[in-house]
Structure formats: structure tokens, C-alpha cells
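Consider the two complexes below, in which chain A is the common component and chain B and chain C are the respective partners.
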Partner chain A sequence: MIPGLEALALPLLLVALAVAVLAADLVVPWRAIEPSGGERRGLGALVAAGLLGALAATWWLPADVVAVGGAYIQDGFSLYMQRIVLAAGVLATLGSIDHVDTRFPGRQGEYYLMLLSSLVGMTVLAGARELILLVVAFELMGIPLYVLAAMQKRQAAGVEGALKLYLTGAASSVVMLYGLSFIFGITGTTSLTIIAQGLQAGAFQDPLLVLGLLLTLAGMGFKVGAVPFHMWVPDTYQGAPTPFVAFLSVAPKAAGFAAMIRLFVEGMGGMRDAWWPPVLVIGLATMLVGNVFAINQDNVKRLLAWSGIAHIGLLLIGFGLATVESLGILLFYLAAYVFTNMGAFLVAEVVGRDGDDSLVAWRGLARRHPGLGLAMLLFLLSLGGIPFAAGFWAKILLFWSFWQAGMGFIVLLGAVLAVLALFYYLRVGRSMFIDRSEAPAPKVGLPMSIAIGLCLAGVLGMGVYPRPFIELAMAAAAGLLGG
Partner chain B sequence: MNELLANGPGLGAWLSLAGLLFCIGTYGLLTRKNLVAVLCSLELMANAVNINLVAFSRFHGDELGQVFALFSIALTVAEVAVGLAIIILVYRQRQGIEIHELTDLRG
Partner chain C sequence: MNATALAVLVYPLLSFLLLGLVWPLRQNGRLAGWISTLAAVASFLGSLRLLWKVLEGEGVGSATIPWLVADGKVIAELGIHVDGISASMLVVVTLVAACVQAYSLGYLADEPKADLGRYFTWHSLFIVAMGGLVLAPNLLQLFLAWELVGLCSYLLIGFYWRKPSAGRAAVKAFWVTKFADMGLLLGLIVLYATTGSFEWSTPVPAAWAVVVPALLFVGVMGKSAQVPLHIWLPDAMEGPTPVSALLHAATMVAAGVFLIVRAYPLFEAAPPLLLAMTWIGAVTALVAAVTAVVQDDIKKVLAYSTCSQLGFMIAALGSGQLMGGYFHLTTHAFFKALLFLGAGAAIHATHSNSIHQMGGLWRSTRFSAVLFIVGAAALAGIPGLAGFFSKDLILEELLHAGQYGPLAMLLLSAGLTAFYMTRVVAIAFFGPASEGAAHAHESPPSMLLPMTVLMVPAVLAGLAGPLFAGLWNQPYHFALTPVGGLATLAALSGIGLGVLRYGTRSWASPLPEGPRRFILSAPIDSFWLAAWQRGLQPVARGIGWVDRYVVDGLMNAVGWLFLLAGEKVRALQTGRAQDYVLGVLMGVLAVVAYGLVGAA
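Right after this comes the complex of A and B.
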């Protein structure tokens, strides 16, 4: 057996699952253009069960093992990030089953295969401590996302959104590669551990290294949707299949932050003076732009897209602080964000099933389907940071870490923006609870009910009893910084 | 041949060439209206990366940079293949691949 193979068990498990899905896709009859009675839905069930199994397996996997000469490490931090992306994968798959079976029944296999490929990239990315592996995992995560965004290939909006995602994505990965080529060139190594040791010893003082660092930061900023690389976000979210958007809005963000923490904090922590000011500026700009543009949105998917950009701004500042506390809270925030944001998008999928994502479709939802209305209200309040939802603890703790770092002005700005955010979140709430509509109640299929139920459980669980989750996140961050 | 390599252009020259190529690619990316031309510009930028990597590799005297460049080439190919597929979808819908036609989504 190849030494260190056990460290790669999780990505290999996902590859095996992808092969199984590919094989099942060939075996199951596929000619049906009509929604299938059940046999095609089995594909989605297989993927959901497999991902759930992989998620459960993370608790039995060995921690602190390395593979391929230290290029990949399976430590507490990678396991934490892998759990986040796998949870997002499970929720997205459950939410997709009805959608893909009605929209493109013949191409379900492709859809799940791409989802799994992207997940393989994300799980590897969480543990990548080597530049080449980092780049390969980054692309393995990104390229399937372009395909998934273009899944509704007969709809003009879908294709346009996918093209915008593709062009920004491809351009930014080239910029990132260009930056990494300088980092490799100056340090002469691709190992982040050796780079960190060299910086500690005071080596590699070169302006080209700073240039490389900033180019890499710009390239990675795209993946998380930071200003000024955010223009694709609302357009892609509007045009792409909603259950996939739920996934796109959290999983690549979490994996992107994992890569940024590995590269900038773990590897280039010695150069924080060079990358912290731009991260702060980008973070503040992202917060502002996201919140301001969200105010006037009548399309709920676009509203959630802009609000997501605003959240990323906060997270970027937390990432830039790079202390054990701020990174731990960042990790907790990401977990809370998975359940909250995916829940909101999954409800948006149910409500906007006929293709109308505007607020009109949400009128009177609380009367037409009280459960769905209440669930969405909870997700919105959690996004807005109202007590006893997961988002409250995430936001308040992040503000607390800003305060600890002596950045009171960001806390103040954040508080003002949080009030602004409540205003636009509650516009959706008003539509659901006060406006009336004669439209029939939306139908929620069984897998979708399970997915929304899981999101609700996550938001409430982390909101009412956040302590174990915060401790888990803190331990992951502490392990990374050796604290 | 070895003499040419020893006395050939130095690292700075190669980096400048790559930088120039990268800037030309960026300019093309921002100004070209035809989507295929945009992809070509991306390709120029990607090749700037490869020149950088190979030049650094030779400067350090090991093959790591060349390995990196090979991976970079493969990744770019995969990326461009998906890009061309998306451009075909655009063409089927609009009978054209001019970038300024894509303005349905706004706000």
C-alpha cells in the first residue's frame, strides 16, 4: 500500500462514489424525457446517502496524517472544513432530487457527477499544503461549477449566468496562477511548510513575492465573491438551478476560505503586513457594496446573492485578523452560514419553482404554507443576526473578535449595516406575512422537506445551544495555528 | 547549445516577456467583443504563467517549475474546453458570440 494513502481516504471515497454514480447512470434507463417515476430519483438518493456516509466517516478518519510527502494533511482543520462542504453537499443533493427530475431528467447523472467532482476538489483543497496540489484542487472545485451553472442549457438566463461565472472564474484562476508562479519563483519551493519556515527565518525578502501574494489574493477573492470580483454573483445565482445555487453560495466559499487560510495564514503568515491591508480594504468594500445593492432587489435570489456578498465581507475581515479566536469564529460562522443560507435558497427553490423568483411569488406564503413561511422567516432572521438563531452567535462573536483587535469602527459600521440588512430581509418577511395572494400553496417533496428540516435543525440547534459547535471550531483553528 | 543556454537571456528578460504577454492578454480580455477572442486572450495570460514557471525552474536549476507548468497547461486545457462548450450554448441561443449581447441579467 502507498504510504499516507489513509490520509486521502475521504477524497478517494468521494471518487469511488462518483464512479458508482457514473456506472449507475449508464445502467438505469435514461431515455425518458418526462420526469421519471422513481428509478432516476434513485441516483439522487444514492448520492445523498453516499455523501451522508462520507460525512459520518469523517469522525472515524485518522487525524494528523500526511500524504504525498506532506503535500496533503488530514488534520482537525481539514476535517472541519470537509464536514462543512459535505454537509452542504448532502443538503444540495436532497434539494436537487425533485428539481433535476423535472427539469432535466435525462442528465441527472451528469449533474451529480459534477457535484461530486467539485466536492472532491473541495475536500482536497481543505488539506492542501503544496502549491501545485492547491491549484489542481482549486480547478477541480471550479470547473464542474461552470458546467453545473450551465445545466439549464436552453434558458438564456442560465447560459448567460454560466458564461459570466466562467469568464470571471477563468480569468481569476489565471491571475492566481500568475501570482503563485512568483511565489514559487522567489521561494524556489511549492511546499507551504518550507515557505513558512523560510519566512520565519527572515528569508525571501523580495518585492516580487509581495506582487505574487497580491495577485494570488485577487485570484482567490473571486472564488469567495469579494468586491471587485463580485459582478458574476447575482447574475449566476439568478440564472442557475436554485438547489445548485444553494450549494454554490456556501461550499466554494467555505473551501475558498480554507485555501486562503492554508496559503496566507499557515504558509505566508510571516508576511501578514503585506496582505492584511488589502484584505481589510476588500472586506470593508465587500460589506458595503453587498448591503447597499441588496436593498433594492425584488428578485429573492438576487437579494440573497447580494446579502451573501455582504456576509463574505465580514468573513474576509475575520480571516485577515488571523488570530486563533477570529479564525475559530470564522469557522463557526461558515457552519452557521451553510445551514442558514442553504435553507433560504432551498425555500426559494420551492417558492420559485415556476420560474418566478420575484417577491410577487412570495406573497402570502405564511398563509398558503405556514411551515415554509416560518422556516424562511427563521432563515432570514438568522442571516440578519437576530438572537437565538445560529447567525446571531456567529455575527456577535465575530464583532467581539474585531473589538478585541481594537477595531471598534468596524463593529460600528457592522452594526449599522446589520440594521440595514434587517430592513431588506424583512421585506421578504412582509411579503410572506402581510401581503395576500390567491396563488395555491407550493408543493414540497419529501427530499426537499428533509433538506429544509435539516437546515432548520441546524439553525435552531446552533442558535439555542452553540457551545459545542463553537468549541469544535475553536479547536480546529487552534490546531492550525499550533496554539 | 549549452553555450547558448549559459549566455542566453537572463531571468529578468524572461519575466519581462511573461509580464508583457500577461498585460496583452489582460488588455484583450477587457476589450475584445468576440467571445472566442476573449478565450484567446485568456490563453495568452495562461502562457505568461507557463513562461514564468519554466524560467524560474531554470533559474533554480530544478524541474519543479516545469512540473508546475505541465499541470498548469493541463488545467488551462480543461478550462478552455468547458469555456468553448458554454460559448456554443450562447451561439445556439443568439446566433452570435458577441459579448455585448449578453445583457439580460442586470441589477
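Right after this comes the complex of A and C.
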């Protein structure tokens, strides 16, 4: 057996799944052009089942094993992050099955293959402790996303959004690579472990290292959608297939945070003095910009895009604090965010199926489809941080960690912005519950019901009994920082 | 975790979830009723088993799970606390609940199906909540369950939601008890702030030793309808009669008494409060008994009687005698539930609440009349029946405590109790034949059977004194002392007076017209209304003004600012990809500039 193979089992499993999808797509005559009545959903079911298996496998995989000479590690932290992205993958696949079948029949293989490729990148990213692997994983994650964003290639908005994603992404990647080249130049190594050891020993006292660090930070800011690298977010979300947006809004963000934690906290935690102030400023700006821009949005996908940016701002500050508690809470927040945000986007997919994502389409949803209306209300309340939804614990714990760090002003700002956020979240709620509409009840297919049901279960479960989830997240963070 | 105790909660919980979630089941009212009733019966059998085990010394203790975690420690636990008190109380709650639910199947048979389904759904929830209250291992869970039973009470009082008066009564009950619960909540907060836990066994620092139980007692006064916070209970009679029997006579209103029994270590540390409790209880007993005398609505008589009997219990607890208060709680639950169900049978037969419309029911509904009269005799304190023993115990205990004033008031109340029950029986069952009674039919077996079941403990529960004493590890001796003699004398003379007065002239007013009118004008209600209109409303208006113009103004200003900002900054999001890339580069430049400045 090749040494380190057990460490790479998860990415390899996903690669195998991708190959299986490719083979199935070639062999089975699924490639009809017309939308099917449902018989061609097998591929999606295969992917969902495979991802679910991979997710389950994370509990059996050994922790603290390394591969490729230490470049890739599978520890508690990477497993936690991998669970998050895999959960997002399962939900996105379930939510995509009907969409793919009706919108681009015949190209399902392509869609799922890209999704899986991106997931491979994310899982590798969560365990990458070496700069080159980091870059490769980043791109492996990113490039399929460009393709997926442009799946609806005959729709101008889709292509436009994808192009914007690609252009800003390319620019950011260049900046990041430039920054990493500085880091390599000064330290002479690409191993984060060696860099960390060097920093601890007091080596690498060079201002150029700071420059490289900051350039890398700027490049990574794009991946998570931080201000001012965020402008692609609303346009891309608006144009891309909604189930994919649900995925895009959480999984790459989680993976991005994983990479940032690996690079800045694990690797270059010794230089926190240099990167913490810009992270704080970026985080604050992201919070503010996200909330302010969300207010006047009448398009629900754009609204959720801006609200997502606002959430990222909060998370960035939590990341910047870089204590075991704040990182643990960040990890819990990400888990809560997966269920909450994906749930909201999946409902948006159902409601906006006819191409109308504006609030008009949401009118009277609570009467037309009470279950869907209630589910969306719960997701919105969770996003707004109302007890007892998952988002409540996430937000209040994060605020608590800010308070512990002596940053009362951020708590105050966060509280004001939370009220503001409720305003725009509940605008959707008002549309659903108070406005009336004669439109027919939206139809929810079985896979989509399962996906939304899982999101609901997650939001409620983490909201009512958050303890085990918090403990899991805390353990992952503590393991990383050797706490 | 004690599986038997848990099972008591699980049956009604399952029933509640089933009825709550499965819509068609709830819409089919009768089936829902059967499910709920069976769950209640199962729960009763479970609690019997639990009591049996506890009597054998098994399974006593707490089992909790951590619930809220903050500051690195567990601040709240949920769980069950099994001992003689909770086990016996559970038996009472589930037995009455099972009887009441079975009775409701007959009593509410003509109601719309969907309403019936909701009714039984809330009933199942009530058993869960009440069970959670009884089994609570700490005050926080007790409070949660306390609020939950309050919610059930609100929902069930408003069962006849098409009747505006029922809606108003539900809201009144809610507001008054919520008002009192502010005290309870404050008490809990102070308790946690001073002791760092919600346990009743943790002593409170001396400075707060009176404040904490006093605040808790405010909540008790609301829930257990003590003067002057009793005003919601008579109005709560707008609910269906079985609800009155279960919630507003036997179990929920006794929650306050139960809280004191549980949290007694806290109350014990506050002697002035105990004295106040004795007096409040005695005043309540007397005031409510006097008020009951002039009521013509059979349910109102029973409601005031419940207030009065709760006053007995509170007075007993105040004089430091837990067992007497708790024993009376138990016996009262049985015979008062029986009385309410009997009253329901009379109402069912005559379609009226007024005792004058029931005249001569003895001839048409003899079986239920007998059951009612047995309940009345137990309440009046006829020797040998349940009420006699427990009331006697309370009076004895007051004598031992040297509380002669309250003792006299309670003796007088006991006499009045016998009098007003005699009045009801004389007019409703033996009075001149009325229109309603002429067409009356005996109730169906589904109503008579639960009543018969309840009659057994209403007669015999008094004999369980030694058993209760065993639960409390106290000696129990029963002896007909002078106090007991006095009490019996009071009861017999009350009955005698009643018979003399109503044996022949049924329509006579029990009191001279002036006092009667005064009492019927509900002076305490008027007091609260005036306090609300003249005292609270101006304050509320003031606070409302500050809230509207200062707090909201501030928030509106912030909101307006953000809206404006949102409008203005839209231009920044041009939608042109060049600008986006420019944005990235500007960001990079800013970060790099920062780096250069920072490094320099």
C-alpha cells in the first residue's frame, strides 16, 4: 500500500465518484434533449448517494494522518470542514436534480462532474499544508465553479455572471500567487509547517514577507467574497442556476475559510500582528457593505447574496481573532450557515422556477404552500439570528467571543446591523405571509423536499439542541491550535 | 433516567405530537379524543406504578441532562425529580386528567369535530406540561412548565371561541397570571444572580432571603388565585366545564401550592413572608367563601370555593405545615373535580348554569345528583369523607402554630363552605321544579363512569393520611381534638342553616340585599380596573411616548440613514466587469499600501 493513501482516501473517493458519474453518463442513454418526466434523475441520485456515503465515511476515517510528505493532513479540522462541504454537496445535488433535468437535460453528466471536481478541490484544500498544493486545490475548486455558473449558456445574465466571477477570480488568483511567491522567496519553503516553525524561532524578519502575506490575504478575500473583492457575488448569484448558487454561497466560503485558517492561523499565526488589522477593517467593511446593499434589493437572490456578504464580514472578524473559541464558533457558524443559507436558496429555487426572482413571486407563498412558507420563514429567522434557530446560537456565540476579546463596539455595531438585517429578511416574510397572490402553489419535487427537509432539520436541530454541534466544532478548532 | 417516570410524560407527549402534527387525525375529533384519553389512562397507570415503586423505596432521585451551556458551565438542566411528593401528585394529576378527558368525550360530543380535535390536543399538552412541572428538578424547569400550563389554560378557557365572553375571559386569565408571573420570573432572576443556580436547595444570601421567595410568591398568588389576584379564576369558568374541573380546580391552580412545597427551603428562610402567607391564605379563604354564598351560577360557586380552598392550603403552608397543605391539595383535587363534573352533568341536562334553572333535578338525574352531593359533603367536611381529614389537619396545624386569627377565619370559612354547598344542593336538586329540570335526562355513561371513578378517592382519600405522612416521613396521628370538633360543628351548623333557609324557601337571598349587591359588583375587579386605568395606563402612555418618539425615533433615524445609504451606494455596483476587477485591484493596492506603511 502506498504510504499516506489512507489520508487521501476522501479526495480519492470523490474522484472515483466523479469517474463513475462520467462513465455512467457515457454508457447510459440519458442524453435526450427533452426534459424527462423523471426517469433521468438516476445520475443525480447516484451523486447524492455517493456524497452521502463520503460524508458518512468521514466518521470512519483516521484522524491525524499525513500524505505526500506532510503536504496534506487529515486531522479533526480538515474532517470537520470536509463534512461541511460534503453536506453542502449532498444538499446541492438533491436540490439540483429537478433543475438539471428541466433546464439543461442532456448535460447532467457535465453538471455533476463539475460539482464533484470542485468538491475534490475543497476537500483537498481543507487539509492542504503546503503552498503549491494550496494553490492547486484552490484552482481545482474554483475553475469548475466558473463552468457551473455559466451552465445556462444561452442566458445572458448567466454568462455575464460567470464571466464576472471568472475575471475577478483570475485577477485575485494572480494577486494571491504573487503574494505566495513572496512568501516562498523569503522563507525558502512551501511547507506551512516549516514556515510556522521558522516564525516561532524568530526567523524571516523581512518586510517583504508582510507584503506577501497581505497580497495573499487580498487574493483569498475574493474566494470568500469580502469587500472590496465582492462585487461579482450578486451578479453571479443572480445569473447562475439557483441550486448551484445555494452551493456556491456556502461551500467555497467554508473551504476558503479553511484555507485561510490553515495559512494564516496555523502557518503564519506568528505574524498575526501584521494581518489582523487589515482583516478587521475588511471584516467591518464587509459587514457594513453587505447589510447596506441588502436593504433595497427586490430580487431575493441578490438580497441573499448581499446578506451572505454581511455574514462573511462577521465570520472574517471571528477568523481574525484566531483563538480556539472564536475559531470553534466560526466552524459552528459555518455549519449552521450551510443549512440556513442553502435552505433559503433552495426555497428560492422552487419559488423562482419561472425565472422571476423578485419579491413579487413570493407573494402569498404562505397561503399557496404553507409548508414552504414556514420553512422559508424559519430560514430567514435563522439568518436573522432569532432563537431558537441555528443562526441564533451562531450569532450570539460569535458576539460573545467578540465581547471576550474586548471588542464591545463590534458587538454594538453587530446588534444594530442585526436589527437592520431583520428588516430586509422580514420583507420577504411579509411578502410571503401578508401579501396575496392568485398564482398557483409551486410544485416541490421529492428530491427537493428531502433537501429542504434536511435543511429544516438542521436549522431546528442545531437551534434547539446546539450542544453536540458546538462541542464538535470546538474540538475541531482545539485540535488545530493544539489546545 | 427513571424510565417509569419518563413513560408518564411520554404517552401524552406522543399523543400531543400525533394530534398536533397529523392534521386529519385532529380534524376527526372523536378519534383524537380517544387517542388522548387512552394516553392519559396509560399515563395514569404509569404514575401508579411509579408511586408503587417509590413507596417501596425504588427510583427516588433526580436525573437531569444539561440544557443551556454558557460561560463554560451548565446554567440550566432539564430532567425529572422523583420522590414521594412528585409521584403522588402525578397520580392525582393523571387520574383526574384521565377522568376529565373520558368525561369530555360525552360532554362535548356535539361540538364541531375540528374544535374537539384541538381540545384534546391541548389536553395532551397539558398533561405533559403538568407532569413536567411536577417532576421538575429545579425552579427553571418548573417555571417553563408553569408557563406551558398557563398557555394550555388560556387556550382551553377560550375553547368556545365564537363567544366573545370566552375570548375575554381567556385573555383576562392570561394577563392576570402573566402579571403575577413577572414576580416569579424576577424571583428566578434574583435567585440565579445571588446563588448562581436554579436549585431550591441552595440557600439565598441573607440580604435576599425574603425578597426571592416573596417574588416567587407573587407568581403563586396569580396561579393559585389568592386575593387580590384571584379575579381571573371566576371568569375562567367560561371554558368548558371539564376544563374547569381539571385545570381550574384540581391541578393547574394547585401548581402554586406545589411550588411552595417544592421550594420550601427558600420560603422557610423568610419567616415574615410565611406569616403574610398565612394571613393572605386565610383572607382568601374567607373572602372567597363569602363571595361564593351569593353566586347563582353553579360554576361560579365552585370557582370561588376553589379560591377559598386554595386559601386553606396557602394558610397551612404559611404556618409551616407542608403536609397538611399538600394533603388538602390532593383530597381537594378529587372532590372538586367530582363537583365540577357533577355541575357539568347538571348543566348538560338543563342547558343552563344558573342553579335556579336546575330546581328539582333530583327527580330526573338522580345518579349524577348523588355523585354531586357526595362531592359537596366531602367539600363541606362531613366526618369520614376526604375533605374532613385534610381540613382538620390544616386547622390543627394552625392551632399548633398559634395562629389564632387565621384559625378563626378558616373555621368561619369552613362553616360558610358547608352553607353555600347546602344552598346549591338544596336549590339545584331539591328546589322548586324548573323548566329546565322537567326535560332533563340523565347524562350518558361516558360522563357518569368517570364521575363514579372520581367519587372513590373523593370519599376515601382522607384515609390515605398515614400514607402521606409516610411520604413526608412524619408521624401521623388523627384524633378528634377540640379543633376538629369545632370544624365539624361549623360544617354541621353551616349545613343546618342552609337546610333551614333553603329547605322551604328556595329563592331567598342568602344575604341582605345591600351586601349581596356589593359582593356581586366584584369590588376587587373594580379595584384592578381602576388601578389599571388610573395608575398603569398613564405610566404606560408615558413609556409608550418615550418608546415611540425617542427609542423608535432613534431607530427610525438609523434605519432612514441606512436606507438612504443603500439608495446612494447602489451606483457603486455598476454591473461592469471592468469596475469589478478595478475594485479588486484597488483593494489590493489599499492592503499593500497598509503593508508598506505598517512595515515602514
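Methods note: the second predicted complex is superposed on the first by the 478 of 483 C-alpha atoms of A that agree within 3 Å, B and C clash if a C-alpha of one lies under 4 Å from a C-alpha of the other, contacts with A are read in each partner's own complex, and residues count from 1 in each chain.
Criterion: a residue touches a chain if its C-beta (ideal position, glycine included) is under 8 Å from a C-beta of that chain, and two chains touch if they have at least 3 such contacts.
Bear in mind the structure is a predicted one, so any value in this text is a computation, not a measurement.
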Contacts of A:L163 with chain B and chain C, given as first, second, both or neither: both
Chain B versus chain C as contact partner of A:E130, first or second or both or neither: neither
Contacts of A:A171 with chain B and chain C, given as first, second, both or neither: both
Partner chain in contact with A:P234 - chain B first, chain C second, else both or neither: both
First, second, both or neither for A:N291, with chain B first and chain C second: second
Chain B versus chain C as contact partner of A:D25, first or second or both or neither: neither
Residues on chain A lying within both footprints (that of chain B and that of chain C): 160, 163-164, 167, 171, 175, 234-235, 296
Residues on chain A engaged by chain C in the complex (per definition of touch): 160, 163-164, 167-168, 171-172, 175, 207, 210-211, 213-215, 217-218, 221-222, 227-229, 231-232, 234-235, 274, 277-278, 289, 291-296, 416, 419-420, 423, 467, 470
Partner chain A, residues of chain C touching it in the complex: 66, 69, 555, 558-559, 562-563, 565-567, 569-570, 573, 575, 577, 579-581, 583-588, 590-592, 594-596, 598-600
Contacting residues of chain A [partner chain B, same complex]: 131-132, 135-136, 139, 143, 146-147, 150, 153-154, 156-157, 159-164, 166-167, 170-171, 173-175, 177-178, 181-182, 184-185, 188-190, 234-235, 238-239, 296-297, 299, 302
Interfacial residue positions of chain B with respect to chain A in the complex: 22, 25, 29, 35, 38, 42, 45-46, 48-49, 52-53, 55-56, 59-60, 62, 64-65, 67-68, 71-72, 75-76, 78-80, 82-83, 85-87, 89-90, 93-94, 102, 104-105, 107
